[in-house]
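Notes to accompany the following structure.
Going in written order, the chains are labelled A, B, C and D, and every chain counts its residues from 1.
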Amino acid sequence: MTDLQPLYEAILEGDAATAKATVQEALIESIDPQELLDKFMIPAMDEVGRRFETNEYFVPELLISARAMKGALELIRPKLADKGAKPIAKVVIGTVKGDLHDIGKNLVAAMLEGGGFEVIDLKVDVSPEQFVQTAKEQGAQIIAMSALLTTTMPGMKATVDAVNNAGLHDKVKIMIGGAPVTQRYADEIGADGFSENASAAVRLARQLVGAE
Amino acid sequence: MTDLQPLYEAILEGDAATAKATVQEALIESIDPQELLDKFMIPAMDEVGRRFETNEYFVPELLISARAMKGALELIRPKLADKGAKPIAKVVIGTVKGDLHDIGKNLVAAMLEGGGFEVIDLKVDVSPEQFVQTAKEQGAQIIAMSALLTTTMPGMKATVDAVNNAGLHDKVKIMIGGAPVTQRYADEIGADGFSENASAAVRLARQLVGAE
Amino acid sequence: MAIGLAITNLDEFTYGKSPKPIKCGRGVEIGNGRVIPEINFTLPPIDINPETWPEVLRQYSEMITGICERAVALGSSGILVEVETLPPMTVNPSWGVEVSRLVADKLDYYYEKRQLHSAFRLTPNDTREHQRPPRMRSGMYWDGMKEFFERSGEAGADLISIESTGGKEINDIALMDADVHALVFALGIIAPRDMEFLWREIVDSCKRNNVIPAGDSACGFANTAMVLAEQRMLPRVFAALVRIASVPRSLVAFEQGAVGPSKDCAYEGPYIKAITGSPISMEGRTAACAHFSSVGNISQAVCDCWSNESVQNVRLLSGYAPTVSMEQLEYDCRLLNVASQTPEDGRKMRDWLVASDSSHDPQAYVLRPDVVMRISKTMIEEDTPYLRVRAGLRCGLAEIRSAISANQLTLPVTEMKWMDRLYRQIDSLPNDETEFIEMMLPKLADAPWIPSEYGF
Amino acid sequence: MAIGLAITNLDEFTYGKSPKPIKCGRGVEIGNGRVIPEINFTLPPIDINPETWPEVLRQYSEMITGICERAVALGSSGILVEVETLPPMTVNPSWGVEVSRLVADKLDYYYEKRQLHSAFRLTPNDTREHQRPPRMRSGMYWDGMKEFFERSGEAGADLISIESTGGKEINDIALMDADVHALVFALGIIAPRDMEFLWREIVDSCKRNNVIPAGDSACGFANTAMVLAEQRMLPRVFAALVRIASVPRSLVAFEQGAVGPSKDCAYEGPYIKAITGSPISMEGRTAACAHFSSVGNISQAVCDCWSNESVQNVRLLSGYAPTVSMEQLEYDCRLLNVASQTPEDGRKMRDWLVASDSSHDPQAYVLRPDVVMRISKTMIEEDTPYLRVRAGLRCGLAEIRSAISANQLTLPVTEMKWMDRLYRQIDSLPNDETEFIEMMLPKLADAPWIPSEYGF
């Protein structure tokens, strides 16, 4: 029988090829995919998250592990029972209208994906209407916005207002971030959460959907 | 006939004794008090103000000139026709509730007096009610408040509100100042003016009552 | 009885080193070779009441966390943290204790988990001036202060300081009129009397609580003059004299048992260090967030701690202002400490700091280490605060005068006439303290003070 | 064709002096012996639209007035003022011109009335990245930029700079993955192509308008990496390599006719100065208001202007933040200029600035003047930006590696494994640029860029 410890190691080290190969072998041997997920893959990503939180891992390492996880997950998802395979929640993400600075947003998106969220990335310069419409159409639970410029921050308030006006705020939580953004600003405009950086954003998203 | 140039010089130099002596001699010689005021005393104080504005004079020099002016004014006031003898306006001044820092307030009070205002000084730790009541009783045209602490600034808003609630704001202008106070804060709470320092306060007061 | 200077050799009067270093807190040594950053922070505009209290605590937590994280990231070898409470926290000491404890606990945490060395200076307010005329030795304000001193151990303080205000009610009058006699009465007669009373109490309380009595600041006296001079309300040369006049008053704390580091905003610190040998905290260009000054570099010349004075928790582009100050202070200290690896180089750096400011302003000039030593010497040859103030003013004005003649100091034209005015006022101070008091009491009959609160 | 370094003697590579000094503005000389403060400022959060425009102007007026008043009060011998516009002011150049003109007029006023020497650096935005994928050579954004450059004289600018972004769309990807090949493609291949196009345009426009083309900043590339490293998102050693890789790109501006001072946030400045001899502006501890860094002191070692990067017009206890920065910069410059009154002493100060940071972080280490000179030399021995980047990375990593071995640099344990990873990636860069391009193009087929905008 296939030794499965290499699956754990492969995800931890971001070795997508080995991760996929190991999963394939295991499936051929009819090992329960749920067991693969629960005993090796999720623990590996937990360890990646722990290392990132404690500054042992940097973003590139986190991203590469997240990609290995994603690759392995794509192989077992069709074989899985419902439980455990669904994303934690859907997140619609983008930078606000007028703001083209997306590196922070990209980080958050990648880390949310690695953390088990489904991410719908509207990229940059997203209008309040686009946020609202996509969240509605996709049945998202979270809208995540970033702004790097103080001049584009008002786009956050406009989006919160649009969500409120669409009567959507009871279904969707709104989280914001970016260099000039503060908790106080989040409170002021009626956003549900603010995160100081990309790693805190995943924790915040979990809290917002009650997954933590 | 008395040479009156020394009156001008005495006020400019803050020599109260000479100023009073010159005025008394002039009155004995039945020189028109209005002329004393218009041709010598007011020009002297204007020059004091100019020197202060251009940093040739410091506060102590301004105060001592203001005192010489006041002494001379007390002598001629009873002899004057109405015109020109009345103060520009009445100002009720104090530091706000909870704030005991009065050096800035004292400066503004002294400079307003030297600038021809009548100043009713409520000293420190003045409640909104005291400001309102005094302004009403004395028929003041201006309420001037200062706060040195960010923690006592809310007293300014409370006072503006009290003036509004008393229906007094159409008769009284409100000006504020102090280290943490800003124009934005003044706008926010509905004050009529803000001044960065004591010399600007006199200009502001004049503008507020339309004397400039 | 004349005493001698603790530092008698100009070569040994430099930053980072003092004859009487202090060990305190979690592995911090002050005055033992390295300059330590002293970081201060306060709330943005907020009303303090039971409803806002949770937000107040959240902000303190945010500030101290940001500071500690940055200090760790920069590999700081140790920091001194000051909390100067806001008046409601001294009036109601339970509030003050809670905020202080929060800060002390965070420092413990960062010491244990991240090996950050730190000490904690707690500075309650002198709330006695919250009534006019102030009552100095009884009443609710004094009771609150006494209680807070007594609970300083419980609050987690390693050091206690204060910016006390005894005599300020007369000093305020003196400043408005640039009146030397009133100034001398405030700083030479009544302030020292209050300092003796207050600091006996503080030192006793510190002994009971195993807390270090650090020192006082003449902030309300001399820094008020400095800020007014900066706004061109007062002549700079007068503000320089106010600084000198504040020394004998601040010295009283040390005579009562304070050991330093003297408070950051006490720009009289170099005098205290020369006279007592205790380490001092100073502030300058890094305190521009709190007030502008003309002593931004020279203030650093003989410091043992280097401070930002105070900054509000407002957001800047990089992060919160207290974290920004932490970074600036750490870099400044790094530079000083690298430069002082040999005594000669340390003196070179000190002398550059001095030379960069000392000719621009008499307030800077009277912080020159050599000038400080000369003026200090004439002061401590006298036995009483009154005579020390008088001697200091005479010597200080003479130093300024000769510096101007020697082109070592430029004074704005508008101030030149003040040299003579001030000289005449200083010159007319009597030899006899009792004579001076009898001369002043009637003049101050209408002033907002209670003579009996000063033992008259 | 290999060129030589403009500065070949380490002793002559110091602050305040550069081989090619610049006279500009109202009596300002840069790189001619004295370090000049460069003060920057921007709006607090505010939406820019016709309704808020009067408030925008009021704020700029408030900021520049506070700055000039403080500079006069401190007796500054001259200041460089930078306005980096906000994007709407470049999209709509009439707004940008109005704000700039307001600032220039204030500077004229203070020159005439208060004898304040000053020069004005105007930095329009590179708004081309405001669409994804960016169009670099046509379209409304480029039209706005061209118009703004052309109106720089009317706007009152003495110097023009920009933080251009050609290649940033690929660099962003490189940073996320710490991918050296993508990094080299961004900074060694496409960024230099855009720089050549852009700076030819800027220099031509400057000639027509009698404005000095000053220089570019790799801010969006290398400072993004620096900030991410500071947040522990990226390894510091990688960020150090990004800094080195940005040099050949920024050099292109000078090849096209820029003469300095290089922009404050261009930490590649020391390389530019060593190679071209042009003066540079730098920022460090005084820019903590804009971003934290691990190069707070060393960044000052060879600067000609010393900057605060940017600060919003928020209120601090003393006054507005731009005025606070002005004071801090002026004191820092005073100290540097006093220290450099003899060349030996200037080098001593430089070396302390260097020593205080260089062992803490590879990003600081690669700013050591001697290291800068060695890496610069290997770079300019190559003829093309690609080969220069490759040579710089090789040399830089070798320098870091030997510094670690020699205990001149400490690297966190978590970064040690990155040394080998980065080495392998650098080592696999081919000799032949065409080969490299052909290798990369397919890999970047899905990336958000338009190859034809870079002449492919």
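The definition used in the following text is that a residue touches a chain if its C-beta (ideal position, glycine included) is under 8 Å from a C-beta of that chain, and two chains touch if they have at least 3 such contacts.
Remember, it's a predicted structure, so these values are computed and weren't measured experimentally.
*Asks:* Which chain has its C-alpha centroid farthest away from the centroid of chain D?
*Replies:* B
*Asks:* On a C-alpha centroid basis, what's the spacing between chain A and chain D, in Å?
*Replies:* Here chain A and chain D have centroids separated by 34 Å.
*Asks:* Measure off the straight-line distance from the CA centroid of chain B to the CA centroid of chain D, and report it in whole Å.
*Replies:* Taking the mean C-alpha position of each chain, the two centres sit 51 Å apart.
*Asks:* Pull out every residue in chain A that's touching 2 or more other chains.
*Replies:* In chain A, 180 touch at least two other chains.
*Asks:* Where in chain D do residues touch two or more of the other chains?
*Replies:* 312, 315, 317-318, in rising order.
*Asks:* So that we know how the chains sit together, what is the shape of their touch graph: line, ring, star, complete or other?
*Replies:* other
*Asks:* All pairs of touching chains, please: list them by chain label.
*Replies:* Pairs flagged as touching, ordered by label: A-C, A-D, B-C, B-D, C-D.
*Asks:* Spell out the part of chain A that touches chain D in their complex, as residue ranges.
*Replies:* Of all residues in chain A, those touching chain D are 55-60, 63-64, 98, 100, 102-103, 106-107, 110, 123-125, 149-151, 153-154, 180, 197-198.
*Asks:* Flag every residue of chain C that touches chain A in the complex, lowest number first.
*Replies:* For chain C paired with chain A, touching residues are 315, 317-318.
*Asks:* Could you please specify the touching residues of chain C with respect to chain B in the complex?
*Replies:* Touch list, chain C to chain B: 43-48, 86-88, 129-132, 172, 175-179, 224, 228, 231-235, 312, 414.
*Asks:* What residues of chain A sit close enough to touch chain C in their complex?
*Replies:* 179-180, 182
*Asks:* Across the complex, what residues on chain C touch chain D?
*Replies:* My answer: residues 70, 73-75, 230, 284-286, 288-292, 294, 296-297, 310-312, 314-319, 321, 323-324, 327-328, 330-332, 334-335, 337-339, 345, 348-349, 352-353, 355-357, 360.
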